[in-house]
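Notes follow once the structure below has been shown.
Residue numbering begins at 1 within each chain, and the chains themselves are lettered A, B, C, D and E in the order written.
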Amino acid sequence: MNAPDHEPIVSIPELLAHALELETESRERYRDLAQCMALHNNPDVAALFEQMAGYSELHARSVEVRAQGYSLPAIAPWDFKWNCPEGRETPCLDDVHYLMNRRQALELARHNEIRGRDFYAGVAAFSPEPEVSALAREMADEEQEHVDLLAQWIARELAQLEVLLEDLDPPHIPE
Amino acid sequence: MATETRTHALKAKEYKSDIAPVWCPGCGHFAVLSALTKALAYLELPKERVALVSGIGCSSRLPAYLDTYGFHGLHGRALAVATGLKAARPELTVVVAGGDGDGFSIGGNHFLHACRRNMDLTYIVMDNEVYGMTKGQASPTTAPEWSRSKLTPHGPGVRRFRPAAIALAAGASFIARGFAGDPSGLTRLIVQAIEHRGFSFLQVLSPCQTFRPEQTEWKQQVHPFDGEPAANDLEAAARIHADDGMALGLIYVEPLPVWQPLAQPSASLAEIEQELSL
Amino acid sequence: MPDDRTAARSALVSVAITGSGGSGAVTAGMILLEAVGQAGWYGLMTRSAGPQIRGGESAAMLRFGPEPVDCLDDRFDLLVGLDWRNAARFSDEIPLDAASLILTDPGAGAVPEALLREGPQIRALPWKAAAEAVSQGRLNMVALGTLGASVGLPLAALEAGLKRTLAAKGPETVDPALHCLRRGFDLGWAPFATTSAPVGGVPERWVLSGNDAAGLGALRGGVRFVAAYPITPATEILEWLAPRLEQLGGSLLQAEDELASVNMIIGASFGGVPALTATSGPGLSLMMEGLGLAVASETPIVVVDVMRGGPSTGIPTKPEQGDLDIAVYGLHGDAPHLVLAPLSVRDCAFTTQWAVGLAEHLQTAAIVLSDQSLGQSRAVTAPAPEPTAHLTRLRQTKPGERYLRYALTEYGVSPMTEPGIAGGMYTADGLEHTERGTPSSAAADHLAQLEKRRMKLDDFDYGDAWAEIRGDGDTCLLTWGSTAGAAFEAAERARAAGRPLRVIALRLLAPLRRRALARALEGSRRVLVVEQNQSGQLFHLLNAHRMLPPTAGRFARPGPLPLRPGEILGRILGLD
Amino acid sequence: MPDDRTAARSALVSVAITGSGGSGAVTAGMILLEAVGQAGWYGLMTRSAGPQIRGGESAAMLRFGPEPVDCLDDRFDLLVGLDWRNAARFSDEIPLDAASLILTDPGAGAVPEALLREGPQIRALPWKAAAEAVSQGRLNMVALGTLGASVGLPLAALEAGLKRTLAAKGPETVDPALHCLRRGFDLGWAPFATTSAPVGGVPERWVLSGNDAAGLGALRGGVRFVAAYPITPATEILEWLAPRLEQLGGSLLQAEDELASVNMIIGASFGGVPALTATSGPGLSLMMEGLGLAVASETPIVVVDVMRGGPSTGIPTKPEQGDLDIAVYGLHGDAPHLVLAPLSVRDCAFTTQWAVGLAEHLQTAAIVLSDQSLGQSRAVTAPAPEPTAHLTRLRQTKPGERYLRYALTEYGVSPMTEPGIAGGMYTADGLEHTERGTPSSAAADHLAQLEKRRMKLDDFDYGDAWAEIRGDGDTCLLTWGSTAGAAFEAAERARAAGRPLRVIALRLLAPLRRRALARALEGSRRVLVVEQNQSGQLFHLLNAHRMLPPTAGRFARPGPLPLRPGEILGRILGLD
Amino acid sequence: MATETRTHALKAKEYKSDIAPVWCPGCGHFAVLSALTKALAYLELPKERVALVSGIGCSSRLPAYLDTYGFHGLHGRALAVATGLKAARPELTVVVAGGDGDGFSIGGNHFLHACRRNMDLTYIVMDNEVYGMTKGQASPTTAPEWSRSKLTPHGPGVRRFRPAAIALAAGASFIARGFAGDPSGLTRLIVQAIEHRGFSFLQVLSPCQTFRPEQTEWKQQVHPFDGEPAANDLEAAARIHADDGMALGLIYVEPLPVWQPLAQPSASLAEIEQELSL
C-alpha cells in the first residue's frame, strides 16, 4: 500500500464525512448507470446497478447513524483525501458499454468495492489518530465483506467476461 | 483546504432534471454533467439564475439534463446565444457547453470573438476529438493520421486545432483543461471557471466510447500541469507550448477588462422622440 | 407627358441638386429639407452617388410642398448643377422635360447632353462670383439661396435649416454660409412653384429617415437589445439606435457577423428582453437558420431587412423589393413566422413597432422588409403614429407545479417564463419537442407543435393595420412596402382624371389575411399587382394562396430606378 | 382495410424485424435485402431507431418481391421480434392487422400490447435454443433463416446475402452465422408469401441507398470535387463519394462548416471542375448566400439537400418534404436557379446526374431535394439509367480579342473560360455587372443581366424528364420527390378498382414547365396535390404560377411517418 | 539580394486591368495593388495562371484591377472560395486578398481553418483597422478606445484581434507584416509569400484615408522587426509577443506539411458502378 498523497485523515468527523461522500457518490453513480442501461435496453445490468445503488444507500444511512452527535465538516468535492489514484468507491463512468453483461457489471462493482476497502485500509494504516484508525479498520472490514460477496456472485454467474460477438448494429444518429 | 462549514442549500443531484441522457454508456459527457451539478451545488447558485446554453452534438444535449434554464440552439452558435443572454441579463450565471466540432469547427469564429470580448461567461468544451453525433468524423482536434472516418480515409491530414493556444491568442482570460476521468479535479476547475470574472475557457477531455474507443487509454496518458497557473500571457504561451495536450489543470488566469454593457438609463423615450422634431 | 397630377400634387415641387464630390450638393439638399420642415411643409429627399467611396459625383433629389410626400415625381421642376462632372450618370434618375428648368453658373461648364434631351430651359446665374465675394464663401450655399427663393421658401426657414444642419461645424462655417445663402436668395427672381408657406402657426414636423424611424419603432416597441453587423443600407438604423438604446438602459452590440447577431438576439430575448437586428439581403441570407430556431423554439425576435438591389451582393446602394420571397419562404421546414413591410418613410416607425409587438405577443420571428428607398430617404412628416393595441409577451411569472413551456393552449401561445423565475426552468429547443420541451420524434408531438405554431399566427386578430386601403372603384392596385407611395399617387391622378381607383397596400405579408383581403377586393374587376422586382414576388405570393382573381395582372419592374407614379398610371390606363 | 392492391402489388411481401441495440435487427434486414437481390427480386428497406446513439431499439422494414418497389405498404405481413424491449415505439411505423403474423421466440418476452391491437397472429419459434446450440450462435441469424424460408427465398440466396454482408468480419463471424441461418431456415414451415424466385437466369440487380445513388449520379455527371460538412441524413453521400472521387482523380474536402463548403465548391467550379455538396435543412440554410453568389456570378454548382423533419433542428432522422419553399424561394433578390427532386431511391442517380448537367450547362446553381426516406433507404433495383442528353459546360477555350464573360447571347448562356486559358481572364462577381463583369449599378446593365439569367433557365428545353407521368383519366395526382412511389401505387390500386387515375410526379420544380404541365393536365377534372409537409408547399408553388385548375385540392401531411399508398387512395376515393 | 539578370516577360503594369479603382485618393490599397503587380512580374507568372480571390470591402475590390483571373465573392468567404479552387486546380497560383473586417470578423473561422490546413495559398489582408466600405465601423483590429464609430460611441472596448498571434496558434507556416507606405518591402514580402509552399499570411498595414485619417502617422510608427525570421513556433511566439503591431518584415516561416488532395486516378467509373451490382 502506498503512502497517501494527501495529508492523513485525523478526526472521526472527517472520516465520517469521507465515508458519507463515498457512499452517496457511489449511490448516485450506480443510479446513473442503472438509468443509462435501462435506456439502452440492457435490463439485466440495469437491475444489477439499481441493486448496487440500494446497497450504497443503505451504507450511507448507516454512516449517517454513526455520525449522529458529530458535526461533519463540509468538504469541497476536490478536497477529499482519497488515497488511491482513482479515488474511491465510485464506479468509473467509462468502464461500461451498453452491451456489457452481468458478469462484467459485477466485476466493475467488485473493483469499486476494492477501491473503497483500500481507502479505509489506507486511513487505518496512516492516520496518526488511533481512534480514527480503529473506525477506519472496522469500515475496511465491512468493505472486504462486500468484496467477498461480489466474488461469490461472480463465481455463480454464467455469463462470460467478454462480449460474445462483435456488435453488428451500427450506431444511430439522433441529430 | 476549504474545511469551513458550508450549508449546501441544494444537493448536486437536485440540479439534475428527470430526463435520462441519450448518451452511450461509458461516454465521458456523463462525468461532465455530474461535475457541473457538483460545482453548481458547491457555489450554491439558485437554479433559476443559471442558464446553460449549447449548440448541437452529443455534448450539446447537456442543458436538458439540468434543472436550470437551458437553450439547446444551433450547431456552432451557442456562444452567440450566450453572449446575447449575458449582455441583456448580466446578473445570470451563463454557462456554455458543447463539443469540439460545435466549438472549434463550425463555431470557430464565435470562439475567437468570445475570447476577445471577455464577457463573464464559462465555456466548457467536451473534447472527444470526433464528431460523435454524426457518427464519427474527424473534428479539428483529431490527429492528422486518424483514418477511421470514411470522409477522411487517409486521416484528415491537417494540423490539430490547439484550443488553449487559440484561446490565448484570441484573448481569453482563463484557460484550463480537465478530464472526464478525473471528476473531482474537473469539479474544481468548473468552480474556478464560474468564479472567474471574464471569459473562462475549459477544455474537457471527454472520451467517446463509441467512435473513439481507444480513448479509454487517456486515463493512462493524462498528468497534471507542472507548476503554477500562468498569470500573464507570455508565461501562458510557454506553458501551452510545452503542453502535450494531456496535461490537466488551470493553465492561465489573468484579470482582464470584462466587456459588459452598462444599463444606466439617462433619458426617456419622449426625450428621444423630441430630437426628431424640428 | 400629360400633366395629370391632381391639384394637391401639383402644389408639390421637385428639385435636384448635383455636383461632384466636395461640391456640397448633398449638404445643400439636407439644408433645403430642413428648411421645408421649418416652413411647415412636407418633404422627401433621396440621394444618389457614383461608385467612388469619396469624391464621387452625387445628387440630392427632393420633392416638397404643403401636402405629405411619399414618393418622388416623374419629373423634376428644377435641377441645380453645382458642377457637371459625371452628372450625366444621373440622367435616368432626374428626368427633365421641356417645362423643367436647369439653374447653373455658366462657369461650371456645359450641361451634359444626356440631361438636355427633352429640352429643359437653362438659366444662367452668377453663383461663382457671388460666392467668391464672400470670404470662405461656397457656391453651393449661394445656389441653395437662389433655389430656396425660387420655390417660395421664406428666407427665415432657409436660415434656420442651415443653422440646424451646420450647427456642429461652428460659426466659421455657419457665418459665411449664411452670407452666401442670402446672396443667392437675392438672385432668386420669383417663386418658381405655386406653393407658399402655410398661413398661421407652423405645425409640428419631424425630419427623419426611414432608418431612423425603424429605430424609433424598435424603441417604442420595447426593444432594449440589438446585436448587428454593419451593412449598407441598414447601418443607419444601428447608428441611430446605439446611443439611444444606451440612454434607455439597453445596449447595442456590434457582432462578429450576422450568424452571431441573430443568435445573440435570440439569447437576449430568451432572457426576457425584446431584441432586434437590422441587416440587408446578404446578411438576411445568413440569418435564415437563426430565424428558424426562433420559430421552432418560440423565441420572439425581429429582423429589419433594408432591401437593396439583388441578387447576391447586387447593387448595395439602390432599392429593390427583391427579398419578399426569402422573407416569406426562406426558412427550411414548415416555419410559420411574420413578415411586414412599412409603406413610407414615416411608416417605418409604425410597422417596426407593430412587428416587435406581434413577435413578442406571438412568440415568433418577424421580418420587416424596409428598403433602401425608405431607409436612406429623409422625410419631413407629421409625428409618427403608434399601433393602437399594445402587444406584449405573455409571461408566466408564477409557474405552477410542472411548468410546460410549449403547452398546447387554445390560441397556440404558451405563457413564457425567463431565467430568474423560480420553478419556470425549461430548455428551449430547436429540435421538435413535447409540450415540456423534451426532444421528441413522435408523430403526435410533431403534429401538435406544428399546428400550434401555425395556429397562433393564422388565427390571431391583426385588426386593420394589415393594409392601407384608399379609394374605391372596380380597378384595384395591390402593392406592398415602399411602392405604396407611388401607387397611391398614381391612383390620385387616375381619380383626378375621372377614373376611380382602389389601392390596397399590404403591410402584413405573412400570414396573409385572406378574408380581409377578399373584403377589400370585393367588387374590383381589374387588379394590378405593383412591385419593384423582376419576378413579381407579391403577385406569386398572392396567387399561391389563391387570393387574386384569375384576371389579375402584374406590373413588376426591378430597380435600381424608383417606381414612379406616372409609370404606374400608364399601366392602369393601359389596363383595358 | 380493404385489400385493394393490384395483383402485382399483392405479390410483394412486407416484413419488419425489430430488436434492441446489439440484437442485430438491422443487420438481419441488410442480409435479407441482399438475399432478395440474389434471388433476382426487387426490394426496399428503411430503418427506424430510438433516440439513443447506440443500443437503442431499432427496426428494419422491408418490402420485396418480383416487381419494382418504390414505397412501403400500408401494413406488414410479417413482424419478426428478436426481443421486444421498447418495440412499442414502432407501432405507428409497423401497422399490423389480423392477417399479419408475428414471429418470435417466447423467451424474448411478451409482445407489446400496442402491436397487438389489430389482432395479428403470433407464431412461437424456438430460436433461442437453436442459437444456443451453435457455438457463437446468434438469434438474429436463426430468425433470419426462418423468415427467409417463410417468404420463399431460396437458401442459397440467403447464404449469399449473408456472406456478402458480413464478408469483412471474417469467418469467425460468418461461419456460425451461416450455421444459425440454416437452422432457422429449417424451422420455416412453408412459404408465407405467394412470391417465388424468378424462373430462368437472375437479372442484374443493384443494391444501393438513395444516398449512394446520389453519389453515383454526381460522378456520372462529372463531379470531381466535393466539399461538405457532415449532417444527418446526408453524410452517407459523402461517405460513398470520398474514396470513389479519389479513385477517379477528384477529391472530397471536409470543410469547417457549410458556409465554407458551398463557397469551396464555387471556387472549384470557377476553376473548371464540376463540383457538388450535400447537406440537410440546417446546412442548406447556411448556404443560401453562397447559392445566390453562384447564381449571380453564373458559377455552376449543385447542392443535394437530403431533407429531414423541420423546422430548425427538427427531427433529423425522419423524412419530410419541408424544404421545397427554401429551395425555390430562399435566395435574396431575384435569383433564378434550378430545383430538382428524385422520385425514388434509384432515381437519386438519374436526378442528381441531370442536375449536374443542367447546372453546368446553364451556369447556375441546382438544388436537389432528396429526403431521409430516399437517402437512407436501401433498394434492390435494376441498374440506374442515365439522362439521354449529355449536358456540359459551354467552354470558351480560345477567347477572342475582348472576352466578355457575361455576354448577352441569344439563349442567355455565355461561354465560360477558366483559369489557365490565356486571354480569357475575367473577374467573377456577385455585384451586378456589365457583360464584361465590371460592377455596375446602371439600370440597363441590371435589367439585361437579370433577364439573361432568367431567360437561360426559362427558355431551355428540358425534354421529357421534368416529370414522370403515368396513367390517364380525369382524376390526377400531382406530386413530387419521394412521395411519388406511394402516389404511383395508390393510382395502380385505384385503377385496379376500376377508377382510372393519372399521376404526374414532378422531377423539375424550378423552373416549372408551364406548357408541359398544362399538356399533362389536359382533360383532368380533379387534381389532388400530394406531398409530405404541413403547409402544402408544392400546392402553393403551383398556384403561385397559376398552373393548377381552381378546383385542385391538396393532401399535405407532415412527417415523420411515411405517406402510404392506402392513405392517398383514401383521399382519392373521397374526392367526389 | 536578387541581382541576377532576369528577363521579365511582362511588366508590372501589364498585370493591371484597365478598370480604374474606386478607392479614395490616398488609400493604402493602391500601394498593395501596385506591389502585387510588381511581385507577379518579378515571379514571371503567366497572367492566366494566377487567380485573385476576394470577399467584400474596399480592399476586396482588388481582383478587378488585375488582368488575371479573379473572383470577387462574398463578405468573409474568400478563403473558402480559394481553398476550393486550389484543391481542384493545384497548379494555379492562388492569391487571396481582403480587409481586416472581411478576414478577421465575418471570415474569422475560415482564417483559422485555412491556417491549419496549410494549403499553398497566399493571403494578403489589407488592415486599416476599420470597415472602410461601410463607412467606418470598428473592426477586430481596431483599438478598444477608438470612438469615432456611431455603433461603438465609447469605443469597441474589446481587446484587439492579433492577426499574427492567431495565425501562429492556428498553424500558418508563413507570417509576415508589410506596410502600404513601404512599397518595395511590401513587394518583396509578397514575392516571398507566393514562393512559400504552404499557407502564407501577410498582414499589410494599409491606411484608410477617409475613416482613419490619423493613420497617416503610421509612417512614423513603423519599424523593421529585430533579428531574423523565426523558424519554429516557439521563437515565433516570442517575436510576436514582443511585437508592438508596427514592426515590419517576415515574422516566421517554417516548412510544414502542405495539404493538397492528390489526383491519382485508380479506377474507372464503370468499375465503381460494378461494386453496386450483386
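In this text, a residue touches a chain if its C-beta (ideal position, glycine included) is under 8 Å from a C-beta of that chain, and two chains touch if they have at least 3 such contacts.
None of the values given here were measured: they were computed from a predicted structure.
Any chain touching subunit D that also touches subunit E appears here: B, C.
Note: the chain lying farthest from subunit D is A, by mean C-alpha position.
Distances between chain centres, each the mean of the C-alpha atoms, put C farthest from subunit B. Centre-to-centre, using mean CA coordinates, subunit B is 32 Å away from subunit E. Chain centres here are Cα averages; for subunit A and subunit D they lie 50 Å apart. Separation between the centroids of subunit C and subunit D, computed from CA atoms only, is 44 Å. If you average the Cα atoms of subunit A and of subunit B, the two centres end up 29 Å apart.
Across the assembly, subunit E contributes residues 74, 76, 105-106, 108-109, 112-113, 140 that each touch 2 or more other chains. Within subunit D, residues 51-55, 232, 235, 246, 252, 256-257, 259, 282, 289, 293, 297, 312-313, 316-317, 429-431, 439 each touch two or more of the remaining chains. In subunit A, the residues that touch at least two other chains are 39-40, 42, 98, 170-171, 173-175. Listing the residues of subunit B that touch subunit D in their complex gives 22-25, 56, 58, 74-76, 105-106, 108, 131-135, 137-138, 140, 150-153, 156, 210. Those residues of subunit B that touch subunit C in the complex are listed here as 19, 46-53, 63-64, 67-74, 76-77, 80-89, 91-92, 109-110, 112-113, 261-269, 271-273, 276-278. Of all the residues in subunit B, the ones that touch subunit A in their complex are 1-8, 12-13, 20-28, 30-31, 34, 38-39, 42, 56-57, 133-136, 180-181, 183-185, 187-188, 191, 207, 209-211, 216, 219. Residue ranges of subunit D in contact with subunit B, taken from their complex: 51-55, 229-232, 235, 238-239, 242-243, 246, 252, 254, 256-258, 282, 312-313. Those residues of subunit A whose C-beta lies close enough to touch subunit B in the complex are 28-29, 32-33, 35-40, 42, 71, 73-80, 82, 87, 90, 92-98, 100, 170-171, 173-175.
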